[in-house]
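Per-chain numbering from 1; labels A, B, C and D assigned in written order.
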Amino acid sequence: MHLFNKVTDYTTAQSAFFDGMTLLFGGFGGVGTPPGLIDCLIDSGVKDVKLIGNDAGFPWIGIGKFVCLERATHLLASHIGSNPTAGDLMNQGKLQVEFSPQGILVERIRSGGVGLNGFLTELSKGTQLEYDKPKVTIGAKEYIYEAPITGDVGIVYAKKADTFGNLIFDKTARNTNPYVAMASKVTIVEADEIVPMGELDPEEIVVPGIYVKYIVQSKGYNWKWVWETKDK
Amino acid sequence: MGDERQIIAKRAALEVKDGMIVNLGIGIPSMVPNFLGKDMRVFFQAENGILGMGPTPKENADGNLSNAAGLPVTVLPGASYFDSAIAFGMIRRGCIDLSILGALQVNARGDLANWIVPGKRVPGVGGAMELAYGAKNLIAVMNHCDKDGKPKIVTECSLPVTTYHCVKKIITEMAVFSIIDQQLYLDELMPGYSLADVKNNTEADFSFSTNFKAHD
Amino acid sequence: MHLFNKVTDYTTAQSAFFDGMTLLFGGFGGVGTPPGLIDCLIDSGVKDVKLIGNDAGFPWIGIGKFVCLERATHLLASHIGSNPTAGDLMNQGKLQVEFSPQGILVERIRSGGVGLNGFLTELSKGTQLEYDKPKVTIGAKEYIYEAPITGDVGIVYAKKADTFGNLIFDKTARNTNPYVAMASKVTIVEADEIVPMGELDPEEIVVPGIYVKYIVQSKGYNWKWVWETKDK
Amino acid sequence: MGDERQIIAKRAALEVKDGMIVNLGIGIPSMVPNFLGKDMRVFFQAENGILGMGPTPKENADGNLSNAAGLPVTVLPGASYFDSAIAFGMIRRGCIDLSILGALQVNARGDLANWIVPGKRVPGVGGAMELAYGAKNLIAVMNHCDKDGKPKIVTECSLPVTTYHCVKKIITEMAVFSIIDQQLYLDELMPGYSLADVKNNTEADFSFSTNFKAHD
């Protein structure tokens, strides 16, 4: 695949998935989670996946569709409140869930994505969310060490991609996607629109293409949002 | 109960001042904007990555334009989109003037418990820790007692704590409290409730604010 | 000053400067350093300033103009190679210079700007640039602790600002400016163009106005670039 | 001397392959693009915050569109602007296929010294540490000896080290060396120089590459 044309099909993208992989997924409550790549992940049959992302989605939305299939062994997320199945699997011991403060989680992904070795914060000090994270004393103060996160594979949803992988996002569907792109060894982007290089203004590009391995064409969200189902 | 939640939200709305940057949690806090004056210019921030949210759209809601609860919103002139890391950067950095959060328990020192009921509800912490840590002012809004009638303003939180010493004000359907230097003060009685009601339903010891008032 | 109108004059902005302040300045080799605010700083007469920014500019460009006046006591930067006066002042003991790897310096400013407590890196390990920075051992590995940086005042150059302080930048004049804006207690923006709220696309805004205290109108660069003087 | 620098840059250009992301230091490295084939599609990155730089503009240079040395550049289709933190994030993360840097000294183990001559030149480290740390491949280009005729390929760096064990190749006007597993190997002699020249002007011990060649 040449540096300047990373557009491919779902079958090729799917070959990046493997049993036991650590998968980073973009999205916040399913908003900004790539729907086509979630289906592609489901179809792949891969199992024993370690999932890292903001939340567990809803049972029929975002990563939640995959979580419900019991093919993930671990989930590191800030909450699973919107996906009761995730809670059930956790209580049954079928899914190991670690919680992180939401902003700390995305910073940990960023830390991995920018090649740093983690950071210090006092945020979760003295709470259950300290887990057994290392404590570091600097001067007179003790902090929690938060380790960098990287993924074997990352799935990202973009509004537009050029063939190099320069990305722009759509409103609040941006959320964690830029850092998932930076922190994954193999970043796969599902884009609503794929354009030739030169079509995006260099100033508006949010994620430079340097981070992207594969680009696939999206067919858009294939689920109903909670507020849409409520309307009915 | 629905009424009580509206009453709490209406009282909380009085804490929102013109020119503030405000972050609202889910549940009762999300009702606060309904009670703000039309001339009030406030910027609402949400931790998924938006500043300057407007009201819920009446039609043509956009799945990619939502608040942190995933519900559709609109934008006001001057709004901006950004990623979640920057959203939380703002919060930790102290750029949020006021955060209004729901709570399961608050103790007299301002410790907040709002993320887990072990063995029962495991929602996860979401952005609560950052908001509790970073907001210049944190107001906890909640029903005065839980569903079993047990006080939620407690001497010690029995539920896992989200953040210590963070709550500055508590608003319930019965009363408004302030927490200053880890001491609990009764500011107001809410309409329809007596001092006895509040005393009977509050586990934590409290003093009276210097400007304590029974009713508006 | 209301949240939604932060536009002011240089006199008001100047009142933010004080003797002994820590000043963060945006810019990279002078590109993206606010020219009007540099003059405003010079005119202010403040002294004993602790400067933090990418470099020392050139003697007639960017922060270099101020450095040459000997009113800064400290400079934390990645290099001073383009400003020989800075080197002279350093050798004479009149300016205390601390060097940082360039990317580490901007990350330290970001760490302060996003309310974190510093980060770990192995980057300068075993070199002179370790200085006496704390070492932290995580697992079997030793890292350097890099402390967060914040400023009393930050000066930023933007292409456009709306009256709330939402900012967009111009090409490579962006550089360190976004993080200077985030990490300073009082952020002053010099903008080439000031527009009403609503005129900037929410998607293109690089720095949300939440970080900005004052906005002043720029008259543009008032120095010759090196390559311009070479042409002559 | 000018000629020598051109010759070094021309040889370094052979290391640049189609489809690479490349970061060039100031001095000799900045001359490398002049020697690249027209059909070569390479993206140059600069640490101030740009990817996809094109050639120096012939006219209408823009003060706000420059490389890390502050010199005006242009952009190719597909270029992007970003802030310096992200620029260095790319570098540390290993997104740069090739970094070509000037050097004051390199030792046989690949330690690079290129940021300070104590008491004389105090330019500061700039982005050299990150590039030496993060680039997948780091080539040091320099004159074989310093102005006093002293070897710059040394047993131990007498100047403060920028980064340890980072240089993978050294290109001078006299020779090309590789450094593999902290061992120095002579790859090529440059036109006009003999093995004796190289031996006399190189302080560090070296072996011969299996594919050692005297001249093209």
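Annotations for the structure displayed:
The working rule: contacts are C-beta pairs under 8 Å (C-beta built on N, C-alpha and C of every residue); 3 or more make two chains touch, one makes a residue touch a chain.
In this text, all values refer to a predicted model and were calculated from it rather than measured experimentally.
Think of each touching pair as a link: the shortest run of links from chain A to chain C has 1 of them.
Of all chains, the one whose Cα centroid sits at the greatest distance from that of chain C is B. Note on chain placement: the centre of chain A and the centre of chain D lie 36 Å apart, centres being C-alpha means.
Chain centres here are Cα means. That of chain B falls 56 Å from that of chain D. Annotation: 29 Å between the Cα-based centres of chain A and chain B.
In chain B, 50, 81-82, 85, 88-89, 91-92 are the positions where the chain touches two or more neighbouring chains simultaneously.
Under the contact definition stated at the top, the residues of chain C that touch 2 or more other chains are 107, 114, 116, 122, 169, 171, 202-203.
A list of each chain pair in contact follows: A-B, A-C, A-D, B-C, C-D. Listed in rising order, the residues of chain B touching chain A in the complex are 46-50, 61-72, 81-85, 87-89, 91-92, 116, 121-130, 133, 160-164. Taken together, the chain C residues at the contact with chain A in this complex read 107, 111, 114, 116-122, 134, 136, 138, 141, 143, 145, 147, 168-169, 171, 202-204.
Within the complex, the chain D residues that touch chain A are 19-21, 41, 43, 45, 50-52, 75-82, 85-86, 88-95, 134. Interface residues of chain A facing chain B in the complex, by the touch rule stated above, are 28-32, 54-55, 77-82, 87, 90-91, 97, 99-104, 106-107, 110, 122-124, 126-129, 169-179, 206, 221, 225-228. Across the interface of their complex, chain B is touched by residues 2-4, 113-116, 162-164, 166, 182, 196-198, 200, 202-203, 205, 208-211 of chain C.
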